[in-house]
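What follows is a group of structures, each given as structure tokens.
Two complexes follow with chain A in common, the first pairing it with chain B and the second with chain C.
This part shows the complex of A and B:
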């Protein structure tokens, strides 16, 4: 996996040469996905981080890998992205201590706490030493992602003393009171705790707490064969199965050098876009339900159900599971089914437009949506806010454009970013993206080549990074295969990043507007808490 | 108290208790239709109430005697208020019964107990519901007074019985007043029954609730009492609108045939009004909480206009 600096220099290799300097360019290696890996020591890391931040790199992920660097057991991988190029700083951690970068890259705040819970790595200079993944009932020295820990039942302490309870940020002042919501909610919603500090009806501060149903997905994947791990990837988050399984398969294909047949990529892309359609339809319906406009909401929920049924007809699964596999797709979709899908898509577009015109001609809905829950553009880079949420705040980010995979270099999505950042902007962006997805599906069906749908090249050892654009935004996955088995499967969905945006979007709004703001961001609990 | 009046009390209470759940279900049905769903049966509210009455009542560990008393007190206030609004038969009023100001404050008594109930269980959502309900109540009360004042000016009486008797004998009102009065009463109806755009009776989102938030901790018989009293309150306000604006068919004499006919006509008119409520609710989203006074102002303005017309015209 060694390589030389490419002919045309990307932002990452430029940063390696100019910021890290010295022998860094010689030590840099290129991953199969085009990402640059550079091992850095403590001093050059601390010196480089502010400069890399100044170069407008975004920290899109930070995770720990065991046995990656020769010099120490744990290595931290800082994945930084800018303009379609990716730089991975590899920091070998000595003595279980690392330097916190959360003040420079706020998007490191959660991952650092995650590394501490999972591996027992301490971060010096951090302002937040609270637990993240593993709540108080877990034993203090319990770090399950460490290879030394083998899966076995553990004794949890269900009576947590008051001193060890999770401290929420205390908000005091005249008339400030706290409203605690969750983790158990009305309706079929996953667990999450929202601590509102409220003055009258207006939210003054919101703090969220997630990770109530930690499933240990990353640990579960370890030691599995790559084929078995496909099912794990599908189970990360129910309604973004295709995105997560696609990123996993892409990573494995990249590290093994497997070439996926063209027809398989066309089919995969159709599946990805169908998934986006379902998700966006659900969001449009949900936002309208949350402002009590059931008439508009039903237009979209009916369409969503029909897409689900179409999914089941095409693939046997309403959530399009069991199709994507390493090397391609598990079975072909015949020509007549695809023609049928193209016709369905045409009708879908017409009916969606009818629903959309009903909503957009209802002033009471527009009144509720506009200026509600604004996500400021300044937050996009520090928090790595991605997907439709970022695009509704004027961000031009989309993995399909920034890091085209599969056939997205030929089938380019069209975006019209909106800068307002409110619920109305997110509603509009999702409507546009839905229509754009339908266009993409039609164009893909029209151009799909004949041929095999699966490659039977073998899986090899190695590691690779893969990014895909799920309905919610940028999903990342890093896979390392050792002796034919998964050694590390790191997955980070868009929701993991976007959850923190809600803490900034809600203050200043009234409590009763929280549900619609939350729905407009469509954050997945399962996709956050693995 | 005359025998007629005792008979009126029994008849009116029986009718209001029996038909109120029907109108509640009917509004739900209409809303389901507009969404392209079949919706629950029109008898669903009856089934639900019957089910709740058989169920165990659970109290929060923080609940005081208020939680035990309030549902009954609420129901008592609403049932008393129901005597003030003749549904199918108008007889001679007795004592203070029928006084429109007293009617308003009986509804306020019920609301007071409901707000206490919301606070009593110690849950954040109940408190939020109560606080919102009281805010809405403080803003809607002057409006309601002005609307009722307009009624008093139009019919030259403060007694609902006399108003209805006058409406029946005079037939249809002058059109502009009719429209203004109908709109004002309709707004009062929407606000008092916690419907869209003020509140959303169908939501599961505790953070947005007003009325539902207050009764979130209720179960079993207490919940049945709260649900039924809300249904009766809706029927009373509907009856006020129906029997004053379209008064045809109300029985003024005690005869089985006249009362039966009046009942059928009232049912038909009630169903039509439920249809209107359901359609109205479907046609818009819930308003922002702080925009609500704008809606109330409409009723206030129209009623003031009626008063001006009545005084100077």
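This part shows the complex of A and C:
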């Protein structure tokens, strides 16, 4: 996988040459997905990080891998993105101690806590030493991702003394009171805790505590065969099954050098876009439910049910599960079914437009949506806010455009930029993206070539990074296969990044607007907690 | 101006929905009969995610869309466990949710029923025997009925609730 720097330098290789310098370009290796890996020592890492931040790189992930670098047991991989190029700094950590970069890259705050919980890595200079994944019942000094720990049931603490309870940020001042919500909510949604500090009706601070549904996905994947791990990838988040399986399969295909047949990529892309349609329809319906506009909401939930039924007709699963597999798709979708889908999509577009015009001509809805829950544009880069949430705040980010995969280089999504950043902007962006997905599906069906749908090339050992655009934004996964088994499956969904956007979007709004702000981002708890 | 009386006697302007699902209608009618007889015409369900991947939540929510609209059969999803007859639990119970699951159950008045929906809730599913979960819901609460599926479809959930109603009549 060692490569020479290409003729036309990308932002990552330029940074390797100019920021790291010395023998770094010679030591850089290129991954099969085009990402650059550079090993860095402590001093050059600490010197380079601020400079890389100044070059407008975004820290899109940080994770720990055991047994990756020869010189030490743990390696931290800092995945940095800039203009479609990816730089991975590989820091071999000695003695389980690393330097925190959270003040330079705020998007490192959660991942650093995650590395501490998972592997026992300590971070010097960090302001937050609370556990993240592992709540109070877990024993102290328990690190599940440590290879020495064999995945098995553990003994937890039944009684948690008050002194060991999770400390939320204390907010004090005249008239400040707290509203504690969750983990069990009033509606049928996933568990999470929201701690509002409120003055009168206005939220003054919101702190979110997640990871209630921490199911140990990454440890579960360890030691599984790559085929068995497809089921694990599907379980990361139910409504993102296709996106997460696609990224997992892409990573395995890249590290093994498997070429996916063209027809399979067309089918995969149709599935990805159908999943986006389901998700966006649910969000549009949900936002309208949360402002008590039942007429609009039921229009979209009816359409969504119809898409679910179409999914079942096409694939046997309402969530499109069991289709995407390593090397392609598990079975073909016949021509007449696809023609039927094209017809269905045409009908869907018409009926969606009817629903949309009702909503957009209802002043009470616009009044609730407009100026509510603003995500500021300046937060996008530091927090790696992604997907429709970023695109509604003026961000021009979309993995399908930035790192085209499959057939997205030929079937390019179209975005109309909106910069308001409020609930209305997110509602509008999702409506446009829904219509754009329908266009993409129609174009894909019209152009789909005949041919095989699965490659039977074998899986090899190696590692690779893969990014896909799920309905919620950029999903990342990094897979390492060793002796034919999964050695490390790191997955980071868009929700993981965007939860922090909510903490910034809610203050200044009234508590009663929290549900609609939350729904407008529609984040997956399962996909965050894993 | 619409004459209110003519609305009563005239033929309805709305058509029957072409996508009416016979299976759901039949299940619904049957479940309504059971609920009418045993639960005073209203069955209150509190949904609880104990560590699910959210697919089951989506299907349970779908029960309220216009295609199923289960409220017409007497089924209501309630906001508080204090109002609930049934606790509908999804997901393998995680260590991080264990306390919340127990507290939610304890907050319900008697008589109360527990239904585990989805493969993970039934027996731990793919997470069985791993560090982060206790296993199926039965590891924490007395389960009256399991509804397998990954995730169970709205029709399967409805069929499960019907079985629960019939069984409740026999045993309590």
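Here, the second predicted complex is superposed on the first by the 530 of 530 C-alpha atoms of A that agree within 3 Å, B and C clash if a C-alpha of one lies under 4 Å from a C-alpha of the other, contacts with A are read in each partner's own complex, and residues count from 1 in each chain.
Rule of thumb we're sticking to: a contact is a pair of C-beta atoms (placed from the backbone, for glycine too) under 8 Å apart; a residue touches a chain by one contact, two chains touch by 3 or more.
Nothing here was measured: the structure is a model prediction, and the numbers come from that model.
By the touch criterion stated above, A:186 is placed in contact with chain B and with chain C alike. Looking at the superposition, the partner that touches the larger set of chain A residues, chain B or chain C, turns out to be C. Of the two partner chains placed by the overlay, neither chain B nor chain C lies in contact with A:94. Look at A:414: by the touch rule set out above, it reaches neither chain B nor chain C. Legend: residue contacts after superposition of the two complexes on their common chain; A:512 is shown touching chain B, with no touch to chain C. With both structures placed on the common chain, the touch criterion links A:339 to neither chain B nor chain C. Legend: residue contacts after superposition of the two complexes on their common chain; A:151 is shown touching chain C, with no touch to chain B.
In the superposed model, A:302 makes contact with both chain B and chain C. Of the two partner chains, neither chain B nor chain C is touched by A:447. The residues of chain A shared by its contacts with chain B and with chain C are 186-187, 298, 302. Chain C makes touch with chain A in their complex at residues 19, 47-49, 51-62, 65-67, 77, 79-81, 91-92, 94-100, 104, 126-127, 129-134, 150-151, 153.
On the chain B side of its complex with chain A, the touching residues are 31, 34-37, 124, 128, 132, 196-197, 200, 202-208, 282-291.
Those residues of chain A that touch chain B in the shared complex are 179-181, 185-187, 201, 288, 290-298, 302, 362, 364-365, 367-368, 510-515.
Per the touch definition, chain A reaches chain C in the complex via residues 134-135, 137-138, 144, 149, 151-154, 156, 183-184, 186-191, 211-216, 219-220, 231-232, 235-239, 241, 282, 298, 301-302, 304-306, 308, 318-319, 321, 524-527, 529.
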